[in-house]
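Chains here go by letter, A, B, C and D, matching the order in which they are written, and residues are numbered from 1 within each.
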Amino acid sequence: MALLTDDLRAMLDDSVDKFIRDRYDFHARQALVSGQTGYSADHWAQFADMGWLGIPFAEQVGGLGGGIVDTLGLMRRFGRGLVVEPYLAVVGLAGQALAGADDGEARDAMLSALVAGDVLPVLAWEETASRGNPAWVELSARGDGGGWCLDGEKITVLNAPQASHLVVSARVAGQAGDADGIELFLLPARAEGVEVTGFPTIDGHRAGQVRFQAARARPLTFDGRGGPLLRRVLDQAGLMLAAEGVGVMESLLQRTVDYTRTRRQFGVPIASFQVLQHRMADMYIATTQAENLLNLTAARWLPDGDNAEAAAALKAQLCVSGRYVGQQAIQLHGGIGMTDELDVGHYFKRLTSMGLLFGDEAWQLRRIWQAHAAA
Amino acid sequence: MHDTIADAPAPDDISAFRQEVRDFIAQAADAEIREAGRKMTSFFPSFEPTMRWHRILHRRGWAAAPWPREYGGPGWSVEQQQIFEDECRRAGVPRLLPQGLAMVGPAIMKFGTPEQKQRFLPGIASGDDFWAQGYSEPNAGSDLASLSCRAVREGDHYVINGSKTWTTYAHHANRMFLLVRTSTEGKPQQGISFFLLDRLDLPGLTIRPIIGLDGFPEQCDVFFENVRVPLDSCLGEENKGWTVAKYLLEYERGGSSSFATHFRNELDAIRRLATSSGDGFGGRVVDDPVFQQRYARLLMETAALEATEVQFAALEKGSPESGPMSSMIKITSMETLQRITELAVDVAGTPSLTLQLQALTVGSGVEPIGPEEALTIMPKYLNNRAASIFGGSNEIQRNIIAKLLLSR
Amino acid sequence: MALLTDDLRAMLDDSVDKFIRDRYDFHARQALVSGQTGYSADHWAQFADMGWLGIPFAEQVGGLGGGIVDTLGLMRRFGRGLVVEPYLAVVGLAGQALAGADDGEARDAMLSALVAGDVLPVLAWEETASRGNPAWVELSARGDGGGWCLDGEKITVLNAPQASHLVVSARVAGQAGDADGIELFLLPARAEGVEVTGFPTIDGHRAGQVRFQAARARPLTFDGRGGPLLRRVLDQAGLMLAAEGVGVMESLLQRTVDYTRTRRQFGVPIASFQVLQHRMADMYIATTQAENLLNLTAARWLPDGDNAEAAAALKAQLCVSGRYVGQQAIQLHGGIGMTDELDVGHYFKRLTSMGLLFGDEAWQLRRIWQAHAAA
Amino acid sequence: MHDTIADAPAPDDISAFRQEVRDFIAQAADAEIREAGRKMTSFFPSFEPTMRWHRILHRRGWAAAPWPREYGGPGWSVEQQQIFEDECRRAGVPRLLPQGLAMVGPAIMKFGTPEQKQRFLPGIASGDDFWAQGYSEPNAGSDLASLSCRAVREGDHYVINGSKTWTTYAHHANRMFLLVRTSTEGKPQQGISFFLLDRLDLPGLTIRPIIGLDGFPEQCDVFFENVRVPLDSCLGEENKGWTVAKYLLEYERGGSSSFATHFRNELDAIRRLATSSGDGFGGRVVDDPVFQQRYARLLMETAALEATEVQFAALEKGSPESGPMSSMIKITSMETLQRITELAVDVAGTPSLTLQLQALTVGSGVEPIGPEEALTIMPKYLNNRAASIFGGSNEIQRNIIAKLLLSR
C-alpha cells in the first residue's frame, strides 16, 4: 500500500524521469561504471536534494513519511535508466534495517544522515553457505562487557566498497539456521577489524566480500528481533528489485521491438517473421506478468505484516520473466546484442543479477510452498 | 491501483449476503447437482443437472448474476457477484452454461431490437432455453472471417446452406446463434450476419454429436441443407454480424470469470491427492521437493494471472492495453490450466489411465475404479488440450499481441 | 545388442509392415478397441504363426533365439499401427520374467505355450503406493507347507482381463521398499482367490486391478532373485515401449506435416506459418532424439547386465519427447485433433499412457541421478 | 547400427596409444597451457598459450589430428583421434583453434590448387599462421547470401571494400579467409567468392576488437577500404565461393567433435561445485532433489545428443537425413549447453556475479575472489548466449529442418 499522495508520487516519478533523461544516457552510465567509485557523488547529492533518499523514512529524520511501496516508481525508472547509484542497498536494504532498529538513537542519527546524503550504509547479510536464507548466519557477535565484537565473513555485500557504514546480521545465540538468535549491528565500514574486498559485478554495480575480525559494533536490535526484521527488509528489497526489473524488461521489450522493425534479413524487416513476433508476444507477456504482479503485490503489501508468500511469488516471477526477456532480447538482437557497446547486453546482465540476488527461482518456489503449506 | 468495485456495500451487509448465498446453495443444490460439479471435466458441466440448477437459481432470482435488473438480473454489485461465484465454487456446484447468459444474452442486450430482447432474454435468464453457438466451420477454425456457411434471401425467408462445427451441446439445444455469410462483397469480414434461430427442429437441419478425446459427446457438427429461417433472424444489421462477433469475442476472451480462483481450487485438489499418494519409497508425494517446486511454480503463475485479471478489470474500456491483455489472459490462463492438468496426471500416476465413462456419467450410480479424486484427472487433461485451440487459438492470440506491439 | 541376423530381422520387419498394412487400418483397430475382448485372437494366432511371439525366446521353447533388442523393429511398427494386441504385456513383461525364472520346468512349459499362442500370461507388479518402484511390494507370499499363498493387490496390470496366467511379484521377506525379499510367482488368472477388475484404458488397451486372497501360486524364482529379475524385465519393457513410442511419434509427425500442408487458413496452407514450421521442426527433433537414443541404447544393451541408467534416460526421453510430440500434434491439428474420429487423438493418448507406464519422467530422472551418482 | 570406426587397431595397441598420448600431454603441457584450458569461457581459449600448445603438438606430429598424412596429419584412425581428444579433455588442455585446422584447412584441401595447398597448409598445421574467418557482416548475420563486402578486379588485383564482423581473434591473425561479392548477377548466392588473404597488414585494412558481454575482446570488426589483394586470392572459382562456404558450414554445423563428452565434463564440474555448496539449511546442493532433477534432465539431453552424434557420424554422405540432423545437432547441442550454463549459475549463486577480468586472464597470477570453480561460470553463461546465434542462428536451423520436412 502506498502512503504518499498520488500527486506527490507523480511529482517524484516526473523528477526521476527528468533526471534519467538529462543525466543518464547510456554513455554517461558507462562512464560511471568504469570510473573509480562506480557511481556519482554528485548524483547522490542530487538524490538527497530531490528528497528521493527520504521517500520511505519518517519526517522526523527528514524523510517524506512514505513506505517502501512509494519507492517503486523510482525503482522502475532506475531500471529503465540502468542506474548504478546504490539506492537499493542504502535506502532499501540498510535504510530499512535502520528504520526498524530498536536503538532509536542510532536509528535517527543514521537515517537523518542517510536522508541528507551524508552517509552510505549498506547491509551485509549473505554468507557463503546461506544461499537465500537470512537465518543461515555463522558470523558471530560476542558481548565483552562494554560492547560487542563481530567475527566472520559476509559475501556479495552490495555496494560494500562505496559504503560508509555496515549493517551486519550476526548470531548472538543458537546455531546457523536457527530463526532465533540473530541481531543486527552497526559499524563504520572502515572500522578496525573490517576488511572489505571490493569488486565490480557483471551488471556494472559494485559489491564486496567483508571479513570481520574482532570488529567492534553497536547493536541495532535486541531480544532476537534482528532475524524477523532482516526477513522483512529482504522481502521489501525484493519488491524494489521487482520494480527495477520491470523497468529493465519494458526497456528491453521496447528496444527489441524497435530493432526488429529496422533490422532486415532476407530482404525484409525481421519483425515480419512470425517466430520472432511470437517471441516478442511472449516477452510482452513475461514483462506484463511481472508488472501486474508487482502492482497487485504492492497494493496488498502489509507494511508491518507477513508478506512472505506474496514476496516470494513476485521474486520468482521476476526470475522467470527476467530470464526469458533478457535471453530473448539478446537472441533477437543477434550478434550485436552480445557486445559491450549496446545497452541491451547490460540490461540483460542486470536481469541476470536480479535473478540471483535475495534467493533464486528455486529458492523462492521453496518459500512459496512453505508459506502455502503453512497457511 | 484502480478500484474495481462499484457500489460496494458495507462489510456487515457483505457477510450477511455471503451467508445467505451459502445457506441457499446448501439447501437448494441436491446430490446430483453437486455430482455434476464434481464431475466437470471440461468447461461444460453435465447438461441436465446444470440446467436444472440454472432453473433453481432462476426461481431465486440469481441465475443471471451479472445481468442488469431490467433483464432479470439481481442487481448485484461486482463484489456481490464475486462472492456469489466464490460460494458456488466452494460448494462445488456446476458453473452455469455460458452460451446464453454470457454470450448471446449480452449480445442481444447490446444489439437486439426491443422485440428480440423481449422474445429471447427471458428464456435465457430462466434456463428454459438453451442456445448453441455456431461459429466455427470445418474450414474456418481460428479464421472466422473465412467462414462459408451462407444464407440467401428468398422471399420472406433466408435459406441457409453449409455447416458448423464445435457447437457445444447442440444436441441438447433448442435455439442457436450463428454467423453466416450473407454477402461475398468487400472484405471477408464484411458480409457476415449474426443469426438467431428460435428453433432447431427445422427441415434440413441435422445435428451430429462428435465424440471427444475423453469419449464423451460434447461438441456437435450442425449441417444446414436449404434451411429456411425468417428474415427477422438477424441480430444487428445484415452484413454487420462481424461487429457483434467481435464484441462477443472480446467478452469471451477477457472473461469476467476469475480463472485464478478456479485454478487455486484445482491446485488444492492436487495437493489433497498428493497428500494421500505414495511416492514409491514409503513417503508421500506431497513431501517430494520436486512436486513442491512444480506446484509452487503453478501457484506463482496463478498469482500472476490473478494480478492480470485484476489489472484487466480495472482498465478503461477501449484502453490500448485491453487488446493485448485480453489475449494475454487467454494464453496464460489456458497454458497454466494445461500445466495444472499435467501435474495432476503425474500425481495420479497410472490409475488415471483407467477409462471410466460410466462412473463419470452423472447419476449413473457407478463407483469409480481407483481413488475417487483421480476419476476426473485424465478427462480434464485430455479435454483441456482444446484450451489452447478453441476461442481463437493461442497462436492467433500471439499474432494479435505481436501486431499490437509492432503497431505502437 | 541384436542377436538375430540382419536378414532375419529385416524379414520380420517386413512381415509386420505387411500385417499392419493389410489388417490394421484405423477402423479395424477401432473395431477391436470397442469389441468385447479388446484384441483379436485371430491376430494373435497369426503372431504365433509368423514367429513373432518367439522372437526373444530360446529355440528350445520354439523361439527364434533372439533378444529383446530383436523385438524393437516389431514394436516400432506396432506403434505406427497403434496395435492393441497384448504383445508388450505377454512377450515383453510376463514372457521375459518367465524366461528369467529359476523354475526351469514352469519356464519351459509356459514359454512353449506362449510362443505357440496358447497362453497369455501377464505381469502384475505395480501397487497403489509403488509409483515406479518395483521394490515397493506389499503383496505377500506365505509358504504353508505344500505351497505358497498370495495376499494383496496389484494395480494397472496390463491386459489382465485378457490374461490366462498372472506372473506376480510378491514379498516373502522384509518390508515394502526393501530390494531383497521379492520373488515372482505364477498362477492361472482365474484361480481361486484371484479377483480381476478389468477396464479399458484411455489408449484403447485393457488393464485391470487384481486382488489376491489366499491365492495359491507357484514360485518362479528363489533366494531373492525375483527382485533383480523384475527390475531387468521392466528396463527391457521400457526399451520395447520406447520403440513403440518412436513408431507413434513418427506417425504423428508425418500426419501433422501432411495435415498442415493441406489445411488452409487465411487463404494459405497453415504449413506456411513459420511458427507452425518451427513447431514441426521441434517435433522432428523430439522424435529423432528418442529414435537415436533408442538405437544407441539398443546397440549398447547388455542382455544380462545393468542397463539402469541407460534405460532410465531412454524412458525419460520417451516421456519428454512423447509429451511434446503428442501435444503439438493435437495443437497443430486444431479442433479435429480433439475428436475420437481421427487417429491423431489416439496416438496422442497412447503416448500419454506411455509417459506414465513403468515410471514417469520425474521417476526416471531420479533413477538417472541415482545411477549416475553411484557410478 | 553402422560401424563408425575405420582401421580399428587391436585393443592392446589402443591402450598403449592412450598411454602414449597421456604421457606426452603430462610432460609437454605446462602450467600456463593448462590454465588456458581451465579458463576457457567460450569456444575459443586464450590465444597465446593455445597457439603455443598447437606448436608443441605439431613438433610431436599431432596438431592436425584428423588431417591426412600427406598434409601433415598423423594418419590416425577415428578411434585414435577420439582417444586423443578424450585425453586432451581429461588433461584439461585447451582445444586448438578451429579456424585453420577445421575450417579453412579442409576447404583448401578440397578446393585448393596444388600451389595453394603447398603455400597455406603447412603454416596451418604448424600453428605458425593464424587465420581469421570473415563471413558475417553488419547487415548479413544468419543470412550469408545477402553479404555486400565486395571485390572488384582492377588490373592484376582485386580491390576490396566493405566490412566483416564477428571475426574471432582477427586482432591476433596474420591470415584471413573471407567471403566477398565479386558479382551482382544471378541469385544472391551466386557471385560470391571465397578469398584467402596471406597477410593482414595491408593498406586500408583495419581491425577493431569488439568487447563481449563478458568484458573481453574475442570478436572483431574488420574494415576494408580499397584493400588490394592479388588475383590468385580465390579459393575455387571466382563467383563459386558459395560452394566452398556451404561445404564448410556443413562441416562446422555437424562438427566432428563430440559435444556430449564436453557436456559431461561441464556437468561433472557442476556436480563438484554442488558438492561443496551449501543449500542454506546446512545441507549440500548436491543432495537437493530439485538440483538432482535438473541435473539428470541434462544428463538425459546429453545422452540423446551423444546418440544423435553417433547416428550422424554413421550417416552416408548426402543421406537425406544429414541435412535436418546436422541442424538438429546445432540446435540441441547449443540449447543444452545454454541450460548447462544456467544450472551452473544457479548452483554458484551470487558469487558468480563477481566480475574478475584479471583473474580470468591466463598468466595474470591474480587469484580469484570466491571459489575457484565459480570463476568461469558467469562468463560461460554470458558467452554462450551466442551459441544459439552464431553459425546460423537456431531460428535459421529450424527453418532448414522445416523446409526439409515439408519438401519430403
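Basically, a contact is a pair of C-beta atoms (placed from the backbone, for glycine too) under 8 Å apart; a residue touches a chain by one contact, two chains touch by 3 or more.
These numbers were taken from a predicted model, which means no experiment stands behind them.
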For chain B, which other chain has the most distant CA centre?
D
Tell me which has more C-beta contacts between its two chains, A-D or C-D.
A-D
Between chain C and chain A, distance of the C-alpha-averaged centres to the nearest whole Å:
53
CA centroids of chain A and chain D: separation to the nearest Å works out as 38
Would you mind pulling out the distance in Å between where the CA atoms of chain C average out and where those of chain D do?
42
Which residues does chain A have that touch at least 2 chains other than itself?
273-275, 278, 362, 366
Give the residues of chain B touching no fewer than two other chains, as numbers and ranges.
289-290, 293, 395, 398
For chain C, which residues count as touching chain A in their complex?
273-275, 278
Interface residues, chain D side, partner chain C - complex
1, 289, 292-293, 295-297, 299-300, 303-304, 306-308, 310-311, 324-325, 328, 331-332, 395, 397-399, 401-403, 405-406, 408
Could you pull out which chain D residues touch chain A in their complex?
136, 139-143, 146, 165-166, 210-213, 215, 219, 277-282, 285, 290-291, 342, 345-346, 349-356, 369-370, 378, 381-383, 385-386, 388-390, 393, 395, 398
Residues of chain C that touch chain D when the two form their complex
253, 257, 261, 271, 274, 277-278, 280-282, 284-285, 288-290, 292-293, 295-297, 299, 310, 313, 316-317, 320, 362, 364-366, 368-369, 372-373
Per the touch rule above, chain A residues touching chain D in the complex are 126, 128-133, 136, 155-156, 176-177, 197, 199-203, 207, 209, 264-267, 273, 275-276, 323, 327, 330-331, 334-335, 337-341, 345, 348-349, 352-353, 356-357, 360-363, 366
